[in-house]
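Here come two complexes built around chain A, the first alongside chain B, the second alongside chain C.
Then we have the complex of A and B:
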């Protein structure tokens, strides 16, 4: 847990002290930075390759299902929303609400997994796989890598749900915050991935 | 972060997502389309970082570090596509 204290003097000379705290633990934030860096390389590499193969990428993107990406974006944003509500609930020691929000968050993550698997099978049925062309090699590599992060995020969410049910966050919620932050990172990555692959 | 802010942020994120899909169908100018879609990515990123991750109330260094990511990555992608 990292803390910094800032002080300011306002017009009537009273001193305000603001305690700023980094949610979760520092190790998780370094892990998040490492993950973001790896995906940044993927995103930039994808954009550069698209610029070198514009026609191929345009034709290949047209073969993706137009609605699947949108459904997954809405599912991950809403899942992240429920996890944010869960964090707010646990900070007020509302265990029942926390568990309900976390379960809803995981159900929406499950929607993402099912739609993504359906999308892969839709492409396989059309005779498209990772070796079809450069676009689909990058598409399968990047989306499958993100898919694995969603699974890891769901394991973390399941773990903090079980701990919340056992009232394990009565004294310290930094472990909960760390898990929630990881899940929001998974959402953040998809926010960039979605327009790159489906819209642009 | 209070519940009202979290709900407002979710509404903004959903609206921006639908807007980014809609932009592609109504904007004819390719450069403007790219700029708008990638600007929306940055705005959505800011919502997730400040509200969902609660970094608005965190030490400034960490907030700016994460915000710079959602500004720089879309900006680099925009430059690549415009070259």
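Then we have the complex of A and C:
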């Protein structure tokens, strides 16, 4: 690991090395795979239940706020983009840009949290909660579980922001990559969740 | 220093800290109780097919209570011994108070023996009267049958134990293994407190009962198991502490996330909201993952070993506990954890199959692992038992483990047939409970034979444990 990172600082060999190795730490990838498994089971459970209760699901989906979902999709994709820019910046040791990109990424994550909370209160006001029907049981479970992941992802981003500010990634950026990988996972999950739960 | 006195006169002193020797009485007493547990298991196994056998002296319900309570108590003795052995070595300092550890041993042992004698010698209701259960009723619940006074004793012992370990860690090195172990042990003590809460509403009673039972075995005990396994792997393989600790964190993070939310698989039929069917099913379906990670972890570390540790038996137990925990807790747990499946299998012999292999694989075997590693050092034999004794120990390992696989398979067969005959039929052809039990007799006989083999394996193990031979 250390070998490939020291090589990546060398401008000439950057592209070759980045292509070859797994970014971050293997332990983080194991954790990400475990997380993806949980969501995969949730998504499959949702899809199968939808096939068994088509009318209920269609009627319930109509009660969701599609614009809120769209705003959140854009917020998370853009946030992930800034985190990718931050990773690019830190690999070139541009600490100031790294920190700015990470802060922008976290601000967009905050937009997600606010919109999602608004959406929950919008549903509660309409008298809808987790026990309304099977669709909303799954809607609240899946989105709330994802919501918790956004919060955990923000904690991780905040941690790597502080570490970047302290110049902790001069030798080894695998910790940074592990955090960024986790954040991309959170984004990826939403990209599957949004069409599955809101649209299709 | 008690540990020092124990070691006097031994030429092969390989203990890093002499106070680690306080683990010895804990380990020995754990094994004594283990023998008792198996004897009562054999008795019950026979009563399944010969209902009158010793039924007036030791009725089935009493034998069952003794069998399960001995299991829990010997594992607790094992965990305590493990902690007294492991914490000083990790903290790189002597135990804060060996005297307190020995005193608490005698308190706990006396309370345990008196409680078991109480179960055996007087009717349970009389035991409740003698121990003034009416003042604070906590008796009568499965696995938590102990009189209130015993429960209070357990809390006092646990507090003294945690104090002793906590003071040791505070004055020494702080390692991830010690932190994970302490978190597990503190969790064990905290969740036990729910055994004092006994609501009269039956649904609530069961609800909080699971806070002890589930959050022990599928929560904090997994931290204890992970910490002990990590310690043994560091010692026997010589792989870098950083690597082993990093994977320990991954394993326990997954164990806690799946285990805590997995509590939902006990809430399916307790008048709880419907979403528990989803939460319980999905998260408990993933509980095998951390156990599978432990298998990869243990085998990888052993394959990457940098030294050949002479204690082959301890390494075998460490690999064995990972595999058997994955099968027993992971795979056999998954078999009946999804709510649409559990609707039919709840409380059947499939549950018994899972319970046997999970407890043996995850918890009996991890205690055997640390005993196997620590005892030769505590007894001054050296890094490991002599080769011949190790061979006998490994025979014990294989006999017990293979026997447990067969016990589990026979109980699974019994469970599948039971569900088929008694639970699945929607109309009048479903058999009654007792009529079904008669049809399962062949499986119960086979299980009893496997149980006898298990007991022989245990005797083989003990013959190695109590060997007088010295290393060559």
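Simple rule for what comes next: the second predicted complex is superposed on the first by the 181 of 200 C-alpha atoms of A that agree within 3 Å, B and C clash if a C-alpha of one lies under 4 Å from a C-alpha of the other, contacts with A are read in each partner's own complex, and residues count from 1 in each chain.
Criterion: a contact is a pair of C-beta atoms (placed from the backbone, for glycine too) under 8 Å apart; a residue touches a chain by one contact, two chains touch by 3 or more.
Note that the structure is a prediction, hence the values are computed from the model and not measured.
Asks: In the superposed arrangement, does A:97 touch chain B (first), chain C (second), both or neither?
Replies: A:97 sits against neither chain B nor chain C.
Asks: So, A:200: does it touch chain B (first), chain C (second), both, or neither?
Replies: first
Asks: Return first, second, both or neither, reflecting whether A:174 touches chain B, chain C, both chains, or no partner chain.
Replies: A:174 contacts neither chain B nor chain C.
Asks: With both complexes superposed on chain A, which partner does A:77 reach: first (chain B), second (chain C), both or neither?
Replies: A:77 sits against chain B, while chain C stays out of touch.
Asks: Who wins on chain A residues touched, chain B or chain C?
Replies: Between chain B and chain C, the winner on chain A residue contacts is B.
Asks: Going by the contact rule set out at the top, does A:42 touch chain B (first), chain C (second), both, or neither?
Replies: second
Asks: When the two structures are overlaid on chain A, which partner does A:188 contact: first (chain B), second (chain C), both, or neither?
Replies: first
Asks: Return first, second, both or neither, reflecting whether A:143 touches chain B, chain C, both chains, or no partner chain.
Replies: In the superposition, A:143 contacts neither chain B nor chain C.
Asks: Which of the residues in chain B come into contact with chain A in the complex?
Replies: Listed in rising order, the residues are 1-3, 6-7, 9-10, 13-14, 17, 20-21, 24, 34, 37-38, 40-41, 44-45, 48-49, 51-55, 57-60, 62, 65, 69-70, 73-74, 76-77, 80-81, 83.
Asks: Considering the complex alone, what residue numbers of chain A touch chain C?
Replies: 25, 27, 30-31, 34, 37-38, 41-42, 45, 130-131, 134, 137-138, 140-141
Asks: In the complex of these two chains, what residues of chain C are touching chain A?
Replies: On the chain C side, the touching residues are 246-247, 249-250, 253-254, 273-275, 278-279, 282-283, 285-286, 289, 293.
Asks: Tell me, which parts of chain A touch chain B in their complex?
Replies: Going through chain A, the ones touching chain B are 2-4, 20-23, 29, 33, 36, 40, 43-44, 47-48, 50-51, 70, 73-74, 77-78, 80-81, 83-85, 87-88, 177, 180-181, 184-185, 187-188, 191-192, 194-196, 199-200.
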